[in-house]
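Chain lettering (A, B, C and D) follows the sequence in which the chains are written, and residue indices restart at 1 in each chain.
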Amino acid sequence: MSVAIMCSGGDSSGMNPAIKSFVDNCYEKNITPYFIYDGFEGLIDGNIKKASHEDVAGIMHLGGTIIRTSRSKRFYEYECRQIAYKNLQKFGIDKVILLAGDGSFKGFNQFSEEFDISFVGIPATIDNDIYGTDYCLGVDTSLNIIKHALDEIRDTSASFKRAFVVETMGRDCGYLALISSIISGAEVCIIPEIKYNLNTLEEKLKKELDEGRAYILAVVAEGTKQTQHIKEWFEKNFDIETRVMILGHIQRGGNPTVFDRLMASEFVTLGLDKLIANEKTKSVIAYKGSEFIFINIDTVTQNRYTINSKLLKMVKKLTR
Amino acid sequence: MSVAIMCSGGDSSGMNPAIKSFVDNCYEKNITPYFIYDGFEGLIDGNIKKASHEDVAGIMHLGGTIIRTSRSKRFYEYECRQIAYKNLQKFGIDKVILLAGDGSFKGFNQFSEEFDISFVGIPATIDNDIYGTDYCLGVDTSLNIIKHALDEIRDTSASFKRAFVVETMGRDCGYLALISSIISGAEVCIIPEIKYNLNTLEEKLKKELDEGRAYILAVVAEGTKQTQHIKEWFEKNFDIETRVMILGHIQRGGNPTVFDRLMASEFVTLGLDKLIANEKTKSVIAYKGSEFIFINIDTVTQNRYTINSKLLKMVKKLTR
Amino acid sequence: MSVAIMCSGGDSSGMNPAIKSFVDNCYEKNITPYFIYDGFEGLIDGNIKKASHEDVAGIMHLGGTIIRTSRSKRFYEYECRQIAYKNLQKFGIDKVILLAGDGSFKGFNQFSEEFDISFVGIPATIDNDIYGTDYCLGVDTSLNIIKHALDEIRDTSASFKRAFVVETMGRDCGYLALISSIISGAEVCIIPEIKYNLNTLEEKLKKELDEGRAYILAVVAEGTKQTQHIKEWFEKNFDIETRVMILGHIQRGGNPTVFDRLMASEFVTLGLDKLIANEKTKSVIAYKGSEFIFINIDTVTQNRYTINSKLLKMVKKLTR
Amino acid sequence: MSVAIMCSGGDSSGMNPAIKSFVDNCYEKNITPYFIYDGFEGLIDGNIKKASHEDVAGIMHLGGTIIRTSRSKRFYEYECRQIAYKNLQKFGIDKVILLAGDGSFKGFNQFSEEFDISFVGIPATIDNDIYGTDYCLGVDTSLNIIKHALDEIRDTSASFKRAFVVETMGRDCGYLALISSIISGAEVCIIPEIKYNLNTLEEKLKKELDEGRAYILAVVAEGTKQTQHIKEWFEKNFDIETRVMILGHIQRGGNPTVFDRLMASEFVTLGLDKLIANEKTKSVIAYKGSEFIFINIDTVTQNRYTINSKLLKMVKKLTR
């Protein structure tokens, strides 16, 4: 039996441990593992190779993905998907593990229906915005990198009377900003999920500054597009030197944390078992509560992720 | 209302974020927070102080505990516990949050029954060996420190044909060794929970060495007391240079991870609410599945923690 | 005898170890140490305090400066400097150690001439742009933070066919960008000191991309103001997805490296000895070759730092 | 022209950047680069391969050495050296760069005299014990790893009233222990180069403990063999819980620091130029003051490294 693994969309830390776990598991179970390089682009271009133990030696501690990823426009075209299918046929592959976000899941679902390919999607995006799962691979590593950066910014902030506006990734989802605010003791948290009120915040912060607060840390989710606005608000209303820090792509890299390595191993082991056991499956493996469950692909792509209300409540005081 | 916080037994990373969260929460809820320094020793010596915001500024990123901890023999004596009680009375404290392991929970339980003190125990030990909870504060930080050390040892191991025997902490519990083995791709894992078989391991590893394996990494839980034995086994049977590394106390320190900071916040917030809400409670707050639940102290101290079978299954191939 | 220490201008990592070393040294030599908080602003406002061992316990590993720093416009006015002098008189202070860059050295020099204050300037700026010294406190820590970020960006870059344009700090000086380029194996380095040629770079890089290069890393010094231009050049001429990363203030924070801790200790010990030994001094302690020498303040402020030609030669191939 | 690179003896961080720099430099200068794997053992076994750009892609951040190293007894035998020479002849190699310590330099010198091989030795050992050079490749990375461990031990020490005895590597040389003591603010430093006096230390430390010191950190060089003795001395004379921490092999691994990457590049570039320029050379490239100089191999191996007196003076107060 042949199974292939591929990535699509933005990379996240934990993909490499997943790839290593995939190859090790396959050989243990007498399955032939294949790599599809460069995401859907590589699928179309036939960039497919049998994977060996050597390919995955010493990759556990690497961020990113050794089989690379891509964003593909060509995959929207039927002709390209047809070529992709023929490429898989050449290697006798009809089962695929896909490390990606829900956009890519949707794209691959169409392909799998057209050409009868089984697949299990492993949620892997630092945005943590996939319906049905509490956790997407790479989020813990991202958060620890953000933590590290915020710790360093605190050091330098404490040296000046100053405000810092730090923008985190996450597209439309405020998860990274929310958790980062809590664990760094930020004073302000601006995320798409909560309507903020600068008037009450202003009053509260002015009082704290009067009482001796040395600096202010605001974490802003990129999805709000409010980074510049918050900066100007500080400068205008507080007369305090304000610096913006766009954390950017360092959030995607980094040595995968213990949690991401462990999740990578569990996602892959269970996903592979599912593909082996069933004739046909088009599902996403989700981490819900503390259980791993399989969710039909349509349920995942047709619903929208929302941050749970308990977490939202935890930062409410940082938004108004 | 007055509530005190204290630590007892071995320190773990995450205690400082918990202490900060405690003080912040108390002031928000108009409760007077107290620190009991130096564990049970300080309780007996009356080393108690009202806590302020300044006390906890800038401690989020520090391992250990700023209110210190201790192992106390004196607390076994009724006279000392009586003095301890009088010390609490002086400050009007009859509610305590205790960051500790199950030995300390047991000791404090007796005290609380004798003198009618309410308390919530927060499981905080890198051994992760407390009945009823899947997680003890500090474990994620410890594991990431071990990961970091194993990554560095891999680097140097790969430079030589060599075996490395790494001993992790955890007393009678093999949790740290088990998870470390999985996430570092170790070849051998020796823990108290699984009976190992060196004969089958020898055969397997010799085959891998013949096929080109450059080095072997064995993770051994201190509770097995087999570290030296495994070293000698390598030297005798494999004729391979073998080094022992006792990871020791670096496993206790370190900047708390995102997960430990978050858990610290949740444990404390819920624990404090429990103490405020109830007239009397003697319980431990546990993290079970993905829920926080309160367990009666007797249930916790009268039962023994066991690692779940799914995890044990994951390393079986590294033990025989 | 009383000696004070203060910071001015941008903070850099290594200031805290210097402050600790100052206090420890003073007590060993029976000198009374003073802190001047908040730079020249605090000097004017009389924010001065006798320093104790407790003040500096546990600050070795902290970036930034616990006595804070500032940029002051008021210090340009004679009236304010007069007030500052009176503040120093109150505490019997006529000797000062100043951790800062050359702008602050200049400002303090005028003050010291007007009011007969001895001082030793310790070069402390991540820009590494002070005449007469090969090294300014904090540079090694900054470089290691940049290295860490570039390592993480490499991980994620290797996952995509992509170009990364990373902007480093340093004001008009390209030192940080230059060294970062070398030690990260960047393909492009744009600094104020070297005139770049995009035509030859384009040809070279296109050839490498054709031969299989997966990604391009360009390090750009902020002083060139070319970050956006280089980004657009990549997009226009290479048809490659290009991301910009402004490293920003994480470059200022961070646990001081061994080298910065050691340099802090040496700078302070020698600087203090100079102040104690001489009746009058207005000098900067420089690290030249591998020796510490004292340079007259006028020589430092009237000359311009230039990167040595050997280093410039090392990156020439990354500029044209 | 063909030039080979090899490692011998204990590995140190910085070897991989040196290897990458070697390959890159060779291709720039139209020289054919060769790897000799597994040190002298691989030289005898003919484990030699032409090196490519792909071999060194992405190794900058790895500790250890991808071409591995060894300690060889066979190389003491003339017959084996004769075989080694024939192996080099097969590839037309008569110029070698050797990353190693002085023991290996000596061994290779004999070989090079017998068989007319030119070589440049690059000092690469974390012991920092090679005559003629102030710096050996890998030392800065080692020191920063030790720093990191000591910072973490401080965290946990501060949580208990406790003494910590930390043993650093370095064989007969106390360099690592000396520098670590200074930059971590240790209270005790025991190195082979300084005769310690426990009586005066005892008096001083008892006074400090009485005045409130919470914990004691002692750094002991492995070469003194006094680790256990110091532990027992603490327990016996101070009645304080004492823990020993043998840092061990984590000191050898780790992502090379900026300084080690830079030194690797400079050592290799200059060493290679020397080999290309001269007909014959048997020398070591040393870093002296802030200059790189070539020293005849006999001068290096016939003299003994001593730590400079200024550094020794800096820790005297921690030894008596």
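As a convention for this text, a residue touches a chain if its C-beta (ideal position, glycine included) is under 8 Å from a C-beta of that chain, and two chains touch if they have at least 3 such contacts.
Being a predicted model, the structure only gives us computed values, none of them experimental.
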| item | value |
| --- | --- |
| Touch-network distance, subunit A to subunit D, counted in steps | 2 |
| For subunit B and subunit D, chains touching each | none |
| Chain pair with more C-beta contacts, C-D versus A-C | A-C |
| CA centroid of subunit B to CA centroid of subunit C, Å | 40 |
| Where subunit C and subunit D are represented by their mean Cα positions, the distance between them in whole Å | 29 |
| Computed distance of Cα centres, subunit C from subunit A, in Å | 35 |
| Junction residues of subunit A, two or more chains touched | 151, 154, 158 |
| Chains grouped in pairs wherever the two touch, ordered by label | A-B, A-C, B-D, C-D |
| Residues of subunit C touching subunit A in the complex | 7, 11, 13, 15, 38, 62-66, 68-70, 145, 149, 151-161, 164, 214, 243-246, 248-250, 252-254 |
| Subunit B-facing residues of subunit A, complex | 17, 20, 58, 60-61, 134, 140, 143-144, 147-148, 151, 154, 158, 179, 182-185, 255, 257-259, 261-262, 265, 289-291, 314 |
